[in-house]
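By letter and in written order, the chains are A, B, C and D; residue numbering begins at 1 in each of them.
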Amino acid sequence: MSVIDYQKIFHHIVAGFKDDDDCGKVATYIPELANVDPKKLGIHLTTVENNHFCFGDSNEKFSIQSISKVLSLTLALKVVGEEVWDRVGVEPSGSAFNSLVQLEYEKGIPRNPMINAGAIVICDFLLSCLDNPKYELLEFIRKISGIASIDYSVKVAESEVQTGFRNYSLANLMKGFGNIDNDIEAVMDLYFHLCSIEMSCKELAQAFLFLAADGINPIINETVISPGRTKRVNAIMQMCGFYDEAGEFAFRVGLPGKSGVGGGIVAVHPGKYCIAVWSPKLNKNGNSYRGMRVLEELTTKTQLSIF
Amino acid sequence: MSVIDYQKIFHHIVAGFKDDDDCGKVATYIPELANVDPKKLGIHLTTVENNHFCFGDSNEKFSIQSISKVLSLTLALKVVGEEVWDRVGVEPSGSAFNSLVQLEYEKGIPRNPMINAGAIVICDFLLSCLDNPKYELLEFIRKISGIASIDYSVKVAESEVQTGFRNYSLANLMKGFGNIDNDIEAVMDLYFHLCSIEMSCKELAQAFLFLAADGINPIINETVISPGRTKRVNAIMQMCGFYDEAGEFAFRVGLPGKSGVGGGIVAVHPGKYCIAVWSPKLNKNGNSYRGMRVLEELTTKTQLSIF
Amino acid sequence: MSVIDYQKIFHHIVAGFKDDDDCGKVATYIPELANVDPKKLGIHLTTVENNHFCFGDSNEKFSIQSISKVLSLTLALKVVGEEVWDRVGVEPSGSAFNSLVQLEYEKGIPRNPMINAGAIVICDFLLSCLDNPKYELLEFIRKISGIASIDYSVKVAESEVQTGFRNYSLANLMKGFGNIDNDIEAVMDLYFHLCSIEMSCKELAQAFLFLAADGINPIINETVISPGRTKRVNAIMQMCGFYDEAGEFAFRVGLPGKSGVGGGIVAVHPGKYCIAVWSPKLNKNGNSYRGMRVLEELTTKTQLSIF
Amino acid sequence: MSVIDYQKIFHHIVAGFKDDDDCGKVATYIPELANVDPKKLGIHLTTVENNHFCFGDSNEKFSIQSISKVLSLTLALKVVGEEVWDRVGVEPSGSAFNSLVQLEYEKGIPRNPMINAGAIVICDFLLSCLDNPKYELLEFIRKISGIASIDYSVKVAESEVQTGFRNYSLANLMKGFGNIDNDIEAVMDLYFHLCSIEMSCKELAQAFLFLAADGINPIINETVISPGRTKRVNAIMQMCGFYDEAGEFAFRVGLPGKSGVGGGIVAVHPGKYCIAVWSPKLNKNGNSYRGMRVLEELTTKTQLSIF
């Protein structure tokens, strides 16, 4: 079925890029992100039939940052179940990704697990349910992707601690509302490690492929979650994966996806493929400028989206 | 292809309803809505191959209210084009459907064309571009659906005027920000007529079928908008069609859709079908309680959604 | 007692002004304000012993705008009584003077009668209680000041109507919440007339003198309101008279007062005097730049404030 | 001059209290406050001529909580000077005393030094300027009051740490905005100690008497701050001393004052007296229910307020 030559499409898209039209700015709040070469561009698409199409720096590892929030949610759904929805919502946030305003009006219940506050609650769940959450989270990601080399970046995790005042503020606010059970430092340690995971585009496309295949990673035949939960994770990515640009991404690209401030984006076409793009310069909403363009042109040229 | 027996599924779903579990409340702000029989239940599904499946009061006309916002947007995209996005966004609102708060923070630019403020701006566009907007809007809807009997309810439109203070407030606020060009009364007259359109489930399923078929109504072979714009309208419905319950609808149902306070919901499965459900009791977010349940069970039982 | 030579102080203060240090901008939203000579400067202080001290353009009439909100409140306290506090608060607004945000969160109850929304509710009260509110309001102001020539500016009132979309928005929002009883147009007609009153600094100092004298205008021996209510009106001016600069005014000047976008400020030293200043250029918060400076230096040089 | 028999007035006021009309609730967030006898009632008024009038439990020490924010501000004005206003405002907050919403919109600059966030910034200033801030703050309070026995409650300070998640949230948010220089833990340690100070009504009236006497404590003839700064501290108390009930306090009482969740209130009549009242039950805004009643009736019966 996968007769589309995605490789060719990638070349066409990138050929249309000009040197001076990458308008974004690299994230600078920690040195590990600030020092990345802004010209990096990697693309990797894996189909559910295990066909691969790639471009550029697709084998280079980078900081996946918030993209990992999809994986922590997936693990929480496995070990906690539907109870997670008692303490975190499924609605788009409609404002900046780390806004305290909404969290205060809504009494410490984060809008969804894709924003920082929501992912912190998910980490709190994992801490309550797992013996060694930092280790088990990593093992889970290695297992569902079949890639044993995936790891945290200790340096990134440490930098996050030192600049993460706003995240501490979110965690303390939620604790004040009774929506964090564990010790703040333990929760934040897990959260900052979650943010620090490093993967390449190829690895990301493989790790998230289960979302395109009813919950089973078809490459390694590993069942991750049920088809029903898979649909729900996709729905949440669609509604909440791009902070206050979720509507723009649905409008322009039309696929469920999740971005990170490291410049990575993962997108899923259920039943068809998973794609990861990496380009470090971010637009004003914190999403990869060229990453969004690649995906927009991909769904435009192929005329295929979920809508 | 349409071998699924939706008719049987509808009967199964409704058989599971109990008399006392319709928890919502009928809208009461105007007598025309308050006086509707709360026990009404209509379902009509039309496939792109022109197969029909229905249940209950599917041929009874009701006030489609905000569902019509999809039709006014579609017409505006035809006559105005992409310029509409200069004055209205594509992001979910993340708060009550008629909130002034967000509108004030965002300087009079409504979040999207599915909330009242956004639809008022769309009406302002139509007033600027059309000679006889009230007449031409109706003719457009009749043409794309192939149903000549679709009409406004003058009584509903008049009731809306008398209770629509908040909508006047929105319009005046936007005019203060320079985002309404025409006279407030003229804009509101068109807006309140738009809200007053009456259709049956069967008519709705037929009128919105173009959104499941790349922009062409396959029943009457009428081209409405381009495939690209069709995808975008679907994306906007997905992200913004259910006020501050858009995430919940994506999570539970997984289809683009639009609800109205008359108790109607239209949902679209691109490439497959359009379905309209009507049940007047609304949940606390203003969406049909049983309408959402019917759609949730439909996509659960068929295991088919866009995700 | 009034041995202080205020006249001399005024000359000292104004002598310290330089041509290029009047940093503000004249209000421009209606032509009647935009066309005022920005260099105008009038000061008039009247003591409770009927001593007068003046400077510059103190006999020239100007648009007192929001300063009149104190007079409409005073009249409402007379004809309605303490019931007014059921529908308007006494708390500082803490945000822009015409903000809809707070009004929406607080269900249509304005924070205080000194902001636009609050004054609109006061006008609604007057409409419900008076036979000919526009005429009776004017007669009341003439009576308590002893100045028969005080009048509305029909031109200003008409201009306000044409640009007052945000005020219409406030009124409609409150009507939606059930906090406006009368027809919107009638309420706004009274409100816009209230804003259009024209007085000179001398007239203002005389009209507001009752607030410095326990509720009695000592010049004409006219009892306006009780001592208890006088204190309360002063307290409200102190807390709410300068929009989101009320704290700054208390901090720098230390007297109850009220400003208007026409560049006027009235301030009261209970037991001592009433002063009116007029200088059309406004600071970024909409209060007269030089007016605030005159008053700050007055209380600094005399070392007399209520604190 | 002080011929008013305040003692007799106090007895009259309290005689009017009925057993069942103390509608408030004792603060319960830490055991040290929850366990206080809710029936306690103390009043102490000290005139600038060193006359004393008291009632009930006026010699019993209690947790003065936020009342101490006036003292930390006074010390900061002495050691830092007017620079404090670069990092904290003078405007009323217009919303809950520990709201993060306003702090986020205003980029980490607290509205005033009387709310928690503002007092935390003041503590940060003191940490930067003093060698041993915890010790020096206490010595300052002892010195200006002439009462060597004033002290922190270590137990209260420790309890505050364990429940102060929202205050940690505020501090981290401000640190994220760059408005906290020192280590969070050090700032919060000073802040929680500041909250833990214990004093009796008599001691409070004496410690705050300088605010009624142009900056000099007349009992011990100790100059605290200049007359100009005294007026400004009084102005800030007037505008900001009662959280979102500041307007109500001005309206009903008409004196600058500051309350604490321990049930204490200090109020100042410049040139006349300082009064402290203590009654642990708090109204819904967190201010002593009976404390406010005592002060309201005092200024009503004496017909003396600053307005």
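Here, contacts are C-beta pairs under 8 Å (C-beta built on N, C-alpha and C of every residue); 3 or more make two chains touch, one makes a residue touch a chain.
Please read all numbers here as calculations on a predicted model, not as lab measurements.
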| item | value |
| --- | --- |
| Duplicate of the C-D contact set - from A-D, A-B or B-C, the pair where over half of the pairs recur | A-B |
| Where chain A and chain B are represented by their mean Cα positions, the distance between them in whole Å | 32 |
| Rounded Å distance, chain A centre to chain D centre (Cα mean) | 48 |
| Rounded Å distance, chain B centre to chain D centre (Cα mean) | 55 |
| Sites on chain A at which at least two other chains make contact | none |
| Chain contact graph, described as a line, ring, star, complete graph or other shape | ring |
| Each pair of chains that touches, named by its two labels | A-B, A-D, B-C, C-D |
| Chain C contact footprint on chain D (complex, rising order) | 89-95, 102, 111-112, 227-228, 230-232, 234-236, 238-240, 244-248, 250-251, 254, 256, 270, 300, 303, 305-307 |
| Residues of chain D that touch chain A when the two form their complex | 99-101, 104-105, 165-166, 168-173, 175-176, 184 |
